[in-house]
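Per-chain numbering from 1; labels A, B and C assigned in written order.
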Amino acid sequence: MKRAHGFYSVPYVLWLALFVIAPLVLIVYQSFFNISGQFTFDNYKLYLSSGTYLRMTLNSVWYALLITALTLLISYPTAYWLSQTKHKQLWLLLIILPTWINLLLKAYAFIGIFSQGGSVNRFLQFFGFGAHQLLFTNTSFILVAAYIEIPFMILPIFNAIDELKPSLLNASKDLGATNWQTFSKVVFPLTLDGVKAGVQAVFIPSLSLFMLTRLIGGNKVITLGTAIEEHFLVTQNWGMGSTIGVVLIIAMIAIMFLTGERKKRGR
Amino acid sequence: MAEPIITFQHVYKRYDDTVALGDIDFELEQGKFYTLLGPSGCGKTTILRILAGFTEASEGKVTFKGQQINRVPANQRQINTVFQDYALFPHLNVFDNVAFGLTLKRTPKKDIKRRVLEALKSVRLAGYEDREISELSGGQQQRVAIARAIVNEPQVLLLDEPLSALDAKLRTAMQVELRQLQRRLGITFLFVTHDQGEALAMSDEIFVMSDGKILQQGSPVDIYDEPINHFVADFIGESNIVKGRMVADYQVQFVGKQFECSDAGIPAHEPIEVVLRPEDLVLTDVAKGKLTVVVDTQVFRGNLYEILSHDADGNQWLIHAVHKAKVGQEVGIYFEPEDIHVMRFGESEEEFDARLEQYEGDD
Amino acid sequence: MKRFRWQNIYLALVFLVLYIPIFYLIFYSFSQGHNMNHFSGFTWAHYQELFQDQRMIEIVLDTLLVALLSSLLATIIGLLGALVIHRVKKPMWKNTLLSLNNILMVSPDVIIGASFLIFFTFLGFKLGFGSVLLSHIAFSIPIVVLMVLPKLNEMNTSLVDAARDLGATQPQVFSRVVLPYIAPGIFAGFFMAFTYSLDDFAVTFFVTGNGFETLAVEIYARARQGISLEINALSALMFLFSLVLVAGYYVLNQYNSSKKGRKRRMEANHNR
C-alpha cells in the first residue's frame, strides 16, 4: 500500500518541484544577476532609486485599480439581476462564452472599433463631437481590459449570490427590512467573498496584461507586465526583468492576503 | 453450547486522543439476532468497522469461527455490511448494485441473475432491477442495500442504524421484516441502534453500551426488568429511580418508608438505587396506596395517560395509568414487591450475575 | 414591474457590450474592403484566403495538437495529484499542498512565462514545440486538480467501504467505484485544460522561441502589423468552434447530471 502510494504520486510531485517551486526559485535567483551574468544587488537598487520604475509600478497599480473598480461597478448589478432571471444558468453561459474567444482576437476587434475611422469615432462625429485619438491611449487600455475582465468578475459574484438561501432574504423582510436594507445588511455582506474572489481574479491580471498595452495602449511601458516582457524579450535584461517579476509576485501576495484574509478567519 | 462464530477479546480502539473502545469482550453465536444499543458516539460503529475490516483494533483479538481475523482485509471476510447511509453506488442501477459482489467473484452470469433476482424478491423488490438508485425512495434504497449484502451469503450481517432514516411507520414495518429475514436466512445479525424500542422489539440479545464499554448484555426482558445500573435503567425505557438503603434481605427503604422487595445478597445498610417502571405503578386511593403523590401534569397518549406527579420529599414519579386523574389531586400509588428492582452502585456485570444466581438459587 | 424593466435594459446593455466586438469582427469578415471602417459589399474572399494560407492551417493544427496532448497529460497528472491531496489527512500538509497547487492558478501569465523561460534556459532545454507543450501541461494541471478534488471529497467514504465489504480489491475499488464517480470532474478538468491551452498567449509567447508558433502568437504578430480581414474570418471560425465546444460540453453535462437531476426532483417531491 505504502509503495503504491509513493508510485502514483511521482508525476504530481515532480510537477510541483519542477514547474511550481523551481521556476519561482529561479526567478528570484535571476533577479540578483546583472545583464552580464554577475551577482549583484544593483537591480533592486536601480528599481528602488530610479523614478521611472517606481512611477511605472504606481501607474500599473493605479490602472489595475481603475480596471478593477470599473469591472466591479458593471459586474455586481449584472450578477445580481442575472441571478433573478428565469433561465439564469443559460444567461450565465452566455456571459462566459466571450471568454472562449481568444483575448487577442478581442483586442484586435478594438483596434478596428477605436480606430480613427472606426465606429466609435463615427458615432461621436454623428453627435458632433469630432474624431478623437482613441486607440493607443491609456483610456482605451483601461476600457478594453475592463471589457475582457468583466466575465471573470461576474462569475464569482453570481455564484455567491446564487448560493444565498432565499429564506435569508425572506427572514430579513419578515423582520421588517426594506429592499435596500435587505441588500445592504444581508445580501452584500454575504456576497463579499464573491466580490473578493472577483477582485483577485481581475486585479492581478490587470497588472500584467502586456499584450493589451502593446496592441491598444500604444506600445508604451505602462504596466509591470509590459516591463517584464520588455526586459525579457526585447532588451534581454533578464535580471532586471526578474526583479520586476519579484515585485509583481509581492504585489500578488499582498492582494491575496488582503482579499483572502477574512475568508480564512470566517472558516 | 455451540462454538461462537465471532468473539471480541479485550478489544481496544484508540484514536489520536480519544479512546473509542475500552476492553470490549463478547461472543456471538451462529444464527442469532444481536443488537448493539447505546447513545451516539459510544462506539457502536467502531465495533462494526473492526468486525467488517475497515479499521483495525488497537489491541485485543477478534476471531471468526475460531480464527483470528484482526489483519484479514475487508474484501476477504465472510461478513457483509448494510451501511447507515446505504452506500449504494450511484452510477449503477439496482441490479448492478446487488450484483456487485458476485461480479467481483466472477460468478457465472446465469447464477448472478438468478441470485440477484432472488435477493431482490426476498426484500420485496422484485421488478425493480432496472431502476436507477436515484429513482427509489429511502425505504426502497434501504432494501437494496440489504439485498446487496445478503446476496453474497455472508455468515454474519452487520447493520449500522439501517432504519434511522426512515419514518416511524416504515420503520416499524422494517423491524418486523428484518427479524423475519434473519430467521429465514438463519445467519447472525449484528444490528446497531440508539433506539431502545427498536432493540427491545427485534433482538435475541442486546449489548447496552456507553462510552466505549459494554455495560450489560442480556435478553430484552432481562435488560428491561433487571437493569444493572442507573444508566441502563434510564436508557432502556422510562423509569422512576430513587435513592434508598438496604434494610435486610428482601427489605428495602426509600422515601422514608420500608418496603418488601425481591432482592437479596446485599449487605444491610448499603446505599442503593431503586427502579420502579411507570407501567408497574397503579393509581388508587390515598388510603390503599403505598406512596402518596400529587398529580402535576397529565398527557393523553392514546393507549394510556402519562401522569407526572411528586411526593412529599419532592421526588418525581412518572405513572402510566389506564384511567384519568385530576391535576392537583392527591392520589395513592400501589405496586407489588416484585416491581421493585434494586441496583447497587458500581456493581459489575459479573458481580451482578453472580448475586442473582446466588439468591435465585436460594428460592 | 417598472423596476424589473430597468433591470432588463441594464442586462441587455451588458450583453450588447460583451457581444458587439465579437460580432463586429465577424461582420467585417464578409466585407470586401481592407479595414473595419466601412462595409463595402459581401464576399467570401477572406475565408478563401484563409483556407489557402498553408502557414495558417499548419499553425491551427499545431495549436490543436498542443491543446489535445497537453490537456490529456495534464488530466492524467492532475487526477493523480487530486488523489494524492485527497489521501493526505493532516490539515497542515493538505493546505500546503493545495497552496502549492494553486500558485500557477493565481500567478500572472507573464510571471509563469518568464519563470518557465528561465527554467528551460537554465536546463538548456531547446525552445519550441517541447517547451510549449510542457508549459501548457504545467499550467493546466492545477485546474484539473481543482475540478477532480471536490468530486473526491464529495464521495462518501462508505462507498469505498461498501465496495471492499463486497469483496473488491484496491484496484477494483478504484476502477469500479471511484473512477465512475469522479468521471464528471475528470471530464470537466480535461475540458478546462483544453480551453486553457487554446486560450493561452502570454506563456507561449515567452517559451516558444523562433521555430514554433501557436494561433495566439500568430494573431498577435499579425495584429501588430495592423488590420487584415483574414484574421476576422479566422475569428468567425473560432467563434463557431467555441460555440460547438460549449454546446457539446453543455449537452454532455446535462446527460451526466440527468441522473442526479432526477434524484433531486425525487427528493423535492419527497419533502413536500
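As a convention for this text, a contact is a pair of C-beta atoms (placed from the backbone, for glycine too) under 8 Å apart; a residue touches a chain by one contact, two chains touch by 3 or more.
Which chain is which protein? Per UniProt: A = Spermidine putrescine ABC transporter, membrane-spanning subunit; B = Spermidine/putrescine import ATP-binding protein PotA.
Not measured: the values here are computed from a predicted model.
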Graph of touching chains, which shape: line, ring, star, complete, other?
-> line
Min distance from chain CA centroid to global CA centroid: chain C
Of all chains present, which has the mean Cα position farthest from that of chain B?
-> A
Using CA atom averages as chain centres, what separation in Å is found between chain A and chain C?
-> 18
Between chain B and chain C, what is the gap in Å from one C-alpha centre to the other?
-> 55
In whole angstrom, what separates the CA-based centres of chain A and chain B?
-> 61
Touch list for chain A against partner chain C, complex = 1, 4-5, 8-9, 11-13, 15-16, 18-24, 26-27, 30, 74, 77-78, 81-82, 84-85, 91, 93-95, 97-113, 115, 117-119, 122, 147, 150-151, 200, 204-205, 207-208, 210-211, 214-215, 224-225, 228-229, 232-233, 238, 241-242, 245, 248-249, 252, 256
Would you pull the chain C residues touching chain A in the complex into a rising list?
-> 7-8, 10-11, 14-15, 17-19, 21-22, 24-25, 28, 35-38, 76-78, 80-81, 83-84, 87, 97, 100-101, 103-104, 106-112, 114-119, 122, 134, 138, 141, 170, 195, 198-199, 201-202, 205-206, 215-216, 219-220, 223-224, 226-227, 231, 234-235, 238-239, 242-243, 245-246, 250
Parts of chain B lying in touch with chain C, wherever the complex brings them together | 49, 52-54, 73-76, 79-81, 83-85, 87-91, 100-101, 104-105, 132-135, 137-138, 148-149, 152
Provide the residue numbers of chain C that touch chain B in the complex, in ascending order.
-> 156, 158-159, 161-169, 172, 176-177, 180-181, 259-260, 262-263, 266, 270
